[in-house]
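Following this line, the structures themselves.
Presented sequentially are two complexes of subunit A, the first with subunit B as partner and the second with subunit C.
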Partner chain A sequence: MPRLLPYLLLLPATAFLCLFFLYPFVQVAHDSVMRNGVYTLENFSRMAGHWKFSTAFWNTMLLAAVVVPIQLAMALTMASIVTKLQRGRSSILYIFAIPLGISDLAAGLIWLSVFEQSGFLNSWLVGLGIVDQPILLLGYQNTWVIFIAIVLAEVWRATAIMMVILVAGMGLIPKEYGEAADVFGATRWQKFRRVTLPMLKPSLQTALILRVILAFEVFAVVVALGGTQLPVLMSETYHWQFAMQERGVAAAFAMVILGVSVAFTILILRLLHVPKGARV
Partner chain B sequence: MSETSVRRAGNRVFIAGVALLILWVLLPIWLLFVNALSAPAEVTGFPKRFIPSFDLASLSFFFGFSGVIDALWNSVKVAALTMILSIGVGAPAGYALSRFDFPGKETFRFLVVMTRAFPLPLLALPLAVMFIRTGLDDTILGLALVHTTLALPFAVLITFSLFSGIPLELEEAAWTLGCNRVQAFTKVILPLAAPGIAASAVFAFVISWNEVFAAAVLTVENRTLTAFLLQSLDVSPLPLKFAGGAALVLPALFFIFAVRKYLFAMWGIANR
Partner chain C sequence: MAVIEIKQVAKSFGSFTALHSVDLTIADQEFMVLLGASGCGKTTLLRIIAGLETPTIGEVWIGGRRVDHLPPRERGIAMVFQNYAVFPHLTVFENIAFGLRMKKMDQAEVTRRVNRTAELMHIEQLLKRYSGELSGGQRQRVAVARALAMEPDVILMDEPLSNLDALLRLEMRAELKGVLAESNTTTIYVTHDQVEAMSLADRISVMNGGRIVQAANPVEVYRNPAARFVGSFIGNPPMNFLKAEPAGAGKWQVAGQVFDGPASAAAEFAIRPEDLHPAEAGLPAEVRVVEPLGPHTLVTASVAGQPFRAVLESNLLPAPGDVLHLAPVPDRIRWFDPATQSALR
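What follows is the complex of A and B.
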């Protein structure tokens, strides 16, 4: 009995993950190469042949490429601040962590209140005399404004998750390393660059993987701010599944998102590889 | 400049930076609540004031809108069920990982960690079909099962770190005093782990409460609040959107406040 106990305790979770995690992924892969009961690549060719596909693909990539570096820089700054604080640490940490609990849809709506035509940004611009009349910011004429709005909303919403992981990681770095650097006369920047960053690699790895995958999944923020004017992979997946009732093509989209996510996970694991013995 | 004045200037820059970051986080939320607490005419009017008029017409319009109360209630039910399922299934696994060494342990941990390398909301696509076959389509339980997949890895890892933090000696002492395994767990370990388990339950609740994609794919009649708001985005007037956004955000603020002490335990261990 004692030898079986751990397996018994793991059984529900394992069964659950097999049924609702492994099986659906096999199924979605299967659906993507199946059409009218025959194995075919037609779903993929229909997906790639649609004029919106490459726009959606590159929008998603570009968003991730712009958002993630900004978030990394901000999360590192916020984490360094929190780590350094002596007074008010927990309240500032709570404030910084608030967006962690906010839905991407709500974040999109929050930034919609800033960017819509009668919104706060226009009120500012008119109030300062920069423009005479409120301008249509989120229109199809200037998709770059929609892009910027989405970037701001994403940076605002999802930096907190990286920050918390990095704060936790910084707490794990033994103080002695920083003290040793002080003894050798290192400046703050040198200490950050040569001590903190290398020691932080495992946390950076986790934070980046989590964040990059979430960036490829960007959906509600985009729909809330841009409607259908700025297609991304996830919104196209949703569109094919629902409006077009083409489950096979939706599954093909899912496979693309999946492929990109796995590729980047492997890339980040390689780039930030930490040898087992070098971990704190 | 002397060294102290340089340091003082540096401190001022530091404080200004902190203030700026706090403003960056809080100002957008403030703006949303300004809209939610203003009359519909003010929400669509121009220019905007930066202080709400505390007119509840937008909110009462939102709560009176057909389907909103149902959607809110559905959101609560799905989130509560997700909470129960993810702790009920995850906590035993976390306990097993923390207390036993057994072949297959690493494989299981790999399975749990791997879930993080996949875009989980996409699971909703194939599951939609499976649910139609099993009669789970458009049900609270069906959606809660998908949300549990999102929350389960966290529940396992968090409870793992919680139980690991409680010395085995306490349990052993209980055994020598005549408790069996179950009694030792419920009388000694559970009281110690309860606050942390509650925190991770709240976290599971928030994950489900906020989830949009799977909710929108899997529910039709029984839509949750996020699905309702998403699907009515192109037709609903601005006051409805902002009041809805505020309704989504407000509980989240309390939840994060409630679990703030455990945020690190939750994300810190997500590193391993």
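What follows is the complex of A and C.
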């Protein structure tokens, strides 16, 4: 019996997951290939055939491709600094973690109040005499400003989660390895590149997977700042589900997001694989 | 050319003082062994020389350059860590090559040096493995090879052979002595093993409670301990100490026997266990335990109520309860000041 005990203990959680996660998931997967009561791929072809699909797809990819590397670089830098602190480490972690407590919609609204026509940025620009009157920053003529605003909001909002994971990971690396690197002539950069980074791989995996998946699901910030100016996969899913009442196409979008997330998760796991025997 | 000078170095961790004003000069290409009980500050001293710890006060000079403000990589040293610190994410080959890679040495030279040092440490068949796939002793040899491959001016070794079996240790000891003598390296070597210390050292520094008690060549340290601690720490079994009563100018009475000694107010008599032989008249030793060790017999006894050991010829097998009369070799008798614990001449 003791051998079965762990499974028994996991049973409630597993049942919960099956009921509230696996079942809806199967439902969505099913919806995506079902139209008017027959199995078909038409949902997917309608999705792909719509002129906004490829824009939404590439916007999502581009956002992830810009946001995640910036966040990674910043989180690594901040984590390295925080790890070296002798004192005040937890207070600083708390401060950095504040944006984590803010929902993505709220974050979008906060940055909207910066960028909108009557926002802070405009009042500063006018106040400094750089422009004569407030300008429409988030308009359809300059989607790149919307893009930058979204990037800023995302970086501001979700870098801390990566940093917290990386700080924990760096804390797990015994300091003797850094000392050995010092003694054997490594510069700061070499130490980071040749010792810290490779030994941080497990935490990097976690942080990147979490962040990349969240980046593919970017939604509220985009809608708050860009409305429909900058379609992304999630906003299209929402649009098809609620505005167009096309459940099947929305499900197809959801499957695309899932597919991309799974593909990138596998890629990250592969790229940051730690061979057996090479673990700390 | 790398003379190491340690000038009045002290180190405190909070209110605890790990090193009290250490002064030590190690000559170019000298093999210096640090010997002392666990917790006496050997690793701390080594880490200060390496630059991993900053001295609370004092100066460290290497090769005529003051280095105590320089980072480790600018000190021209290599180190074998007590806990090895072999990188888990690199193969044995890349571990040994680590320092060379940092210097951007060309691949052919890296391969040559890695192969040579790996062969020396008998780990050439392990080069492709990760450290997680090695035994403790193998990992330790990787740590030694990594330091040797640097061919540094100064090599610091913190108990580099502690985890090897007796036979391998003997072999590695000889190999190390060979390579380090060939190269122009100045070595500081920490060990608990007295035999290792004796066999390797040009000089031994005996440490106790954060101080260097004596720094001298092995024979001197063994024969003429500068302090009672040195005599009691070095030698297996260690030196015997007996109370002495004054018996006229320069004469001392020890367990009923009178010996010539120093002209001081008080003194303690000391003799090494192997410098005793049975005689008609000698220190009366009541035998407690007899241990035949092959080449010798180790006798644990009590002399005038004080513990006393003697290493005698193996054909002598006294029984517990016997009283032996043990005569010390006259020129091997040493005297210590009971107040200061230092040697009296």
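Note that in this section the second predicted complex is superposed on the first by the 272 of 280 C-alpha atoms of A that agree within 3 Å, B and C clash if a C-alpha of one lies under 4 Å from a C-alpha of the other, contacts with A are read in each partner's own complex, and residues count from 1 in each chain.
Simple rule for what comes next: contacts are C-beta pairs under 8 Å (C-beta built on N, C-alpha and C of every residue); 3 or more make two chains touch, one makes a residue touch a chain.
Model, not experiment: these values are computed from the prediction.
*Asks:* Would subunit B and subunit C fit next to each other on subunit A once aligned, or clash?
*Replies:* Fit - subunit B and subunit C, as placed by superposing on subunit A, sit side by side.
*Asks:* Would you sort A:190 into first (subunit B), second (subunit C), both or neither based on which partner it touches?
*Replies:* In the superposition, A:190 touches subunit C alone.
*Asks:* In the overlay, work out which of subunit B or subunit C sits against more residues of subunit A.
*Replies:* B
*Asks:* Does subunit B (first) or subunit C (second) touch A:95, or do both, or does neither?
*Replies:* A:95: touches subunit B, not subunit C.
*Asks:* Taking the superposition on A as described, I'd like to know which of subunit B and subunit C A:135 touches: first, second, both or neither.
*Replies:* neither
*Asks:* Scan A:272 for contacts with subunit B and subunit C and give back first, second, both or neither.
*Replies:* Touch status of A:272: no partner.
*Asks:* Considering only touches as defined above, state whether A:180 meets subunit B (first), subunit C (second), both or neither.
*Replies:* second
*Asks:* Would you check which partner chain A:199 touches, where first means subunit B only, second means subunit C only, and both and neither mean what they say?
*Replies:* second
*Asks:* Upon superposition of the two complexes, what minimum C-alpha distance (Å) separates subunit B from subunit C?
*Replies:* Scanning every C-alpha pair, the shortest subunit B to subunit C distance is 8 Å.
*Asks:* For subunit A, which residues lie in the overlap of the subunit B contacts and the subunit C contacts?
*Replies:* Overlap of subunit B and subunit C footprints on subunit A: empty.
*Asks:* Give the list of subunit A residues in touch with subunit B in this complex.
*Replies:* Per the touch definition, subunit A meets subunit B at residues 3, 5-7, 9-10, 12-14, 16-17, 20-21, 23-25, 27-28, 31, 77-78, 81, 85, 90, 92-106, 109-114, 116-120, 122-123, 126-127, 134, 156, 161, 164-165, 167-169, 171-172, 202-203, 206, 209-210, 213, 216-217, 219-220, 223-224, 227, 234, 237-238, 241-242, 247, 250-251, 254, 257-258, 261-262, 265.
*Asks:* Going by the contact rule at the top, pick out the subunit B residues touching subunit A in the complex.
*Replies:* Per the touch definition, subunit B meets subunit A at residues 14, 17-18, 21-22, 24-26, 28-29, 31-32, 34-35, 43-48, 50, 88-90, 92-93, 95-97, 99-100, 102, 104-105, 108, 111-112, 115-123, 125-130, 145-146, 148-149, 152, 156, 181, 206, 209-213, 216-217, 226, 229-230, 233-234, 238, 241-242, 244-245, 248-249, 252-253, 255-257, 260, 263-264, 267-268, 270-271.
*Asks:* Please output the residues of subunit A touching subunit C within their complex, sorted ascending.
*Replies:* Within the complex, subunit A contacts subunit C at residues 176-177, 179-187, 190, 194-195, 198-199, 201, 274-280.
*Asks:* Where on subunit C does subunit A make contact in their complex?
*Replies:* Going through subunit C, the ones touching subunit A are 50-52, 71-73, 77-79, 81, 83, 85, 87-90, 98-99, 101-103, 129-133, 146, 150.
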